[in-house]
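Consider the two complexes below, in which chain A is the common component and chain B and chain C are the respective partners.
And now, the complex of A and B:
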């Protein structure tokens, strides 16, 4: 790997760490509200400390300077010299936002200018009771410089009496090393003082009995000399006396690097204006390096951090595959019908290896849902404060893993649902008490596996959905005819209608009615489902069912004439053998199927794709009732085949986009089966577009 | 003979940064994420130098230095601490535990290499 590329990788790790660190700080701060225990403050401090240190190392001085004040405040909280007040915690929250903004800018290679940095710095400074940073950074740096500035005029050299403690060697400090270093400053004469040397028999070779009188010639400043003794000065007696006259005529040449640009060198502290290191910046910004959305610095589409154990599992499996391959390979060389049994065994191995490998490879893309859940403690904390509600947030199943893409796309819908629960679902403490509940509302975020899917629940113990109000609103907007009485379930589904809101006032939290429809669309786009259940006065639950991954589909194979199609299993409601009596024809062409008091439009796949079916009579085929976006249709097919997982091959990349099809998959025998895109099929069909689509390419 | 350096830091970026600098200067580098891991490695292997961060979860750098000095094989191995602050307290605490010296973060690669060259 080239040096630049390697640096890039390290920087990427740094930004990931920043994101994690900020998350850890936030999580820690949230628990601080309840009790200010030392461990928590320690963890928060450490995160800030690492970010500051790293930022300094990588040359992001704005971040490291800003974080310095944060770190100072946390340090004071940690050692107990400053109380943990709600105000201070609030400022720390704001600081995290600024730091997050700064790291996002730094990662996008943009100038690290945060609009809020100055304001928050001022707040921090007020709490700390001193000048805002900039000034602060300088003060701390100079504060470290303990030795006084050198006297004028410069001396001709130094007499140094160096009497180390006997334990000098125990820290691995070699006087010789120190002397060699001194010699880089000028000619050195060392005289050993052996007065303390014990008789040989009594000597402990691990102890230092010697002392030295050193004469260093040259116009050297005392801090330069002191710096060399810095590591040992705490347990040595060291005295510096200026030499006068001796070397004045022939000052030793100074190594230019040591003094260049720093008239008064400060011990152990690099000049603050010099960036700690030069970070190679790619000349052209990498493609797609547009600033990521603030607050999600880790959302880099291009890379995944994979746990080592997952990689190890893969390597292990590949190892097994190689063994199987060599086992099978033997047959191509010495084919012997006698060995058929072991050939069969080899193939069984291969099947297992392939399946395991598939699972493991898919697991690489899987991340725990905590990545998405993490943001909620802060969100709930701030929102409940704003709304004057008391809320306890419970996160369950944070380790449930989801495909990275699914995880990224589910974030915003979840935020929406949580906001809704807080705003509409949970009541104010007074209302809760009046209803005989505890004044603190409970909001649960649950994630778990069920079948081949992942379920995410947003559950509150609030007032529940007000069906009467939803229905009234829906009637008012013409979504429900006056003479129809929908079931509760149908009423719940109304909240997903575009622009629907029953909120009496539009707050900045929610109530604009933009959202629930978008939430459902996003979830459907992911191949998932949303379901609402609610009990008046007891609360509501929004249940999201998501596929484990987007690369593989749980499919139902269908046959129409000679062709096989695949339809996503989650979109199938049920399959029925229709009776002709339940089929009605409307205005000539369109057909509907009466299914449990509901009339479903019938889509004839054979007409759609222009193929010859086994039967044209509906009663001789099967109707697959499919649902998307709350709309149902009945799809006429000849036969249901097996259910199986299919790998989705994109038509867009291999051919071109075809409306109504989600992709294709390849059968074991090499034939291609097309995967039906149920939402777009339904959409197209209900729009009244021509049911005959030109699929001939 | 190659010179092996044990680099201990809980921050992956910092560790990789240090390791990157050292490897390019021709040193062999072993990385550890905290004191516990470093100590475990040290019990079975001797290195030529240990470079450790101070503030770490599980076992901090100062405890690590103290524990390392208790190992017979590490009595004369230079142990350097990486400190963020010019905070005198930590340095002295580290010295008392047996640290050879320290390097104040942020440092540039040259400074790191110069400091290491000094004690090796």
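And now, the complex of A and C:
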């Protein structure tokens, strides 16, 4: 692997960590609203700190400089020198946005110019400059944001008590390098404290037993010094004390070790007991707030961070598979009908192993839906403020796992649905009180498994869908004929029509009428379904049914003549044995099937695909009623075969996209079966294309 | 075009580098054709093919090649030759070619596979114009004579990609 590629990999990890860190900051800030407890601020601070450090290391100076101001503010909150005010929290939220924007730009290798960075920097500077932190002046500073108020005389230098963790060397840090770096700031005197040095026999050469007292002379700002210790401050005790006047505070009873070579441990130097402000930066201690494995939303260069236990489970299973294999292998060596029982047992094992293995492998792609849900507290928080509504957000089933791709693609539709609920669904506090409800609206996001699918619900206790208004609007737009009275369910489906909006005013929240159609299309693209239910005055629920994964399909096998096809079970409404009486032809050619007061166009699959079927009479075959995008059709097939899970293989990889097909799968006997793509089949049928398309050169 | 360098030999103190190209030759309607050996992944026995709708007749369908879905082209039909019943010698030559995105694997049905020819680059002649008709000229890289027989060297990559069409 070339160095460049390696660097790419490392950068990718950095950006992933940034995304996680920002998410952790955001989550932390949201709880900061209610009660400012130390652990939360610590967690936010640590996240900011590591982003700053990483950005600095990779040379994204814009990010590290900006984050520095954020970190400063957080540090002041952390050590209690600044109160956690809603204003400050708001600015921190905005800062996270800027940081996110910057990291995205950095990742895209674009110049890191954030439109809001300056504005937010100014806000940060204002907050930092407003009331200079009192006692914390030593440990914090405001250089990036505003010049620090010169409360103390310019330090003549710094006394640094550096007591590294014994595992210092294991983290690839070398104190010598740190000292050399310090020396670039000014003359340095280093005195080693060997008090912890064990007898030679008991010494582990890989550990660091030394501590140092460093005197750095020169007018240097504390952050400059702190920056040098950036990489070790996580697990080391470092204390900075300004040297007020040269020569005043000079202990150094022995000739200090100059930094030409290895720092010579000087025996007998007492550890100074001067009171100093110790800055423990416990970045290494994960106190539960450490961000869990996350996939960046909208990351196309797919990489997944997988929990170790998932990988371990996989290794265990492969181990069992190997055992089963040797069990079966023995049978082939000593073939004996008496051993048939052990063969049977072996095969049972194999079946179980295979199934477990399949499940575990799929789990690798599964991430908890909280990755999608955790953006909502913030969204709801801000939106409800903007709209002047009181909203309580409830997230249920955040640990429900979904395929990574599904998870990424469901994010935007969910945002849309939540915005809609807030804007159109939930009423203002006054309206709620007038309706006899509590003034705080309840918005629920629920996720759970049902059958082989994941259900996500966006549920509010607002006014519900106004069927009369939707219908009136739809009539006005010509979507519904004046003499037709649609059912409530049909009316609800109207909100998914393109360009449909009943909002009287177009706000920047919603009302433009773009969106719900996109929401439904996105969900259908994922092989899912949306369903709306609503009770006037009581609220509405939008229910999204999604497949667990895109790699596996719950399929219904069906046969037409000699060919076997697979159709997704989700798209099948039902299957009926048609009676000729229910089939009518329109203008001699097109056929429709009367099914529960609805006329469905009949798609003769054999004609569409040019296959010789068993029967041409509809009454001798079966009609599969399939639905896509609100359209229903009846597909004529010869026979229904088994229902089973099939692994979806792409046709595009070696071949090309074929209209009407979603891909292919492999049968138990090794043959290939094609998977029907219902939406495209319907499209193909409606355009009445001929089965033979010649594209040969 | 893949150039094969035969190990350098010292001859009378001189360095002699002979450039050769290797071709897998196969039969099609009594004629011998050659495909660049670096494009040939494997030779596979005849297998049941699953038909795919909306494809030209020379695409027989798709097969399962160790879990990958691979399209199969009938070269006889592609070149407009008569259809003959598949015999035991009928095989699928599995070809790997560069595609728009990475590589693609495609099976090509031929009457029989012959041998591997080691042809000195100098012996490859451009195809004469009169050959046109049966096979489009653009798919022919050249012609070589091996053991008294003529071998038509195909630009298999161009042929396969044009047969599959743009995805």
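In the analysis below, the second predicted complex is superposed on the first by the 497 of 697 C-alpha atoms of A that agree within 3 Å, B and C clash if a C-alpha of one lies under 4 Å from a C-alpha of the other, contacts with A are read in each partner's own complex, and residues count from 1 in each chain.
As a working rule, a contact is a pair of C-beta atoms (placed from the backbone, for glycine too) under 8 Å apart; a residue touches a chain by one contact, two chains touch by 3 or more.
Quantities reported herein were computed from a predicted structural model and do not represent experimental measurements.
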Contacts of A:17 with chain B and chain C, given as first, second, both or neither: first
Touching partner for A:674 - first (chain B), second (chain C), both, neither: second
Partner chain(s) touched by A:46 [first = chain B, second = chain C, both, neither]: first
Residue numbers on chain B that touch chain A, as the complex places them: 10-14, 16-17, 20, 24, 55-57, 69, 75-79, 84, 86, 88, 91-92, 95, 98-102, 104-109, 111, 118-119
Contact footprint of chain A on chain C as seen in their complex: 48, 50-58, 61-64, 67-71, 78, 104-106, 136, 162-167
Residue ranges of chain A in contact with chain C within the complex: 563, 608-611, 649-661, 663-664, 666, 670-674, 689, 691-697
Chain B-touching residues of chain A, taken from the complex the two chains share: 3, 6-7, 9-11, 13-14, 17, 43, 46, 49-50, 52-54, 56-58, 64, 140-141, 143-144, 146, 169-173, 177, 181, 230-231, 234-235, 268-270, 276-277
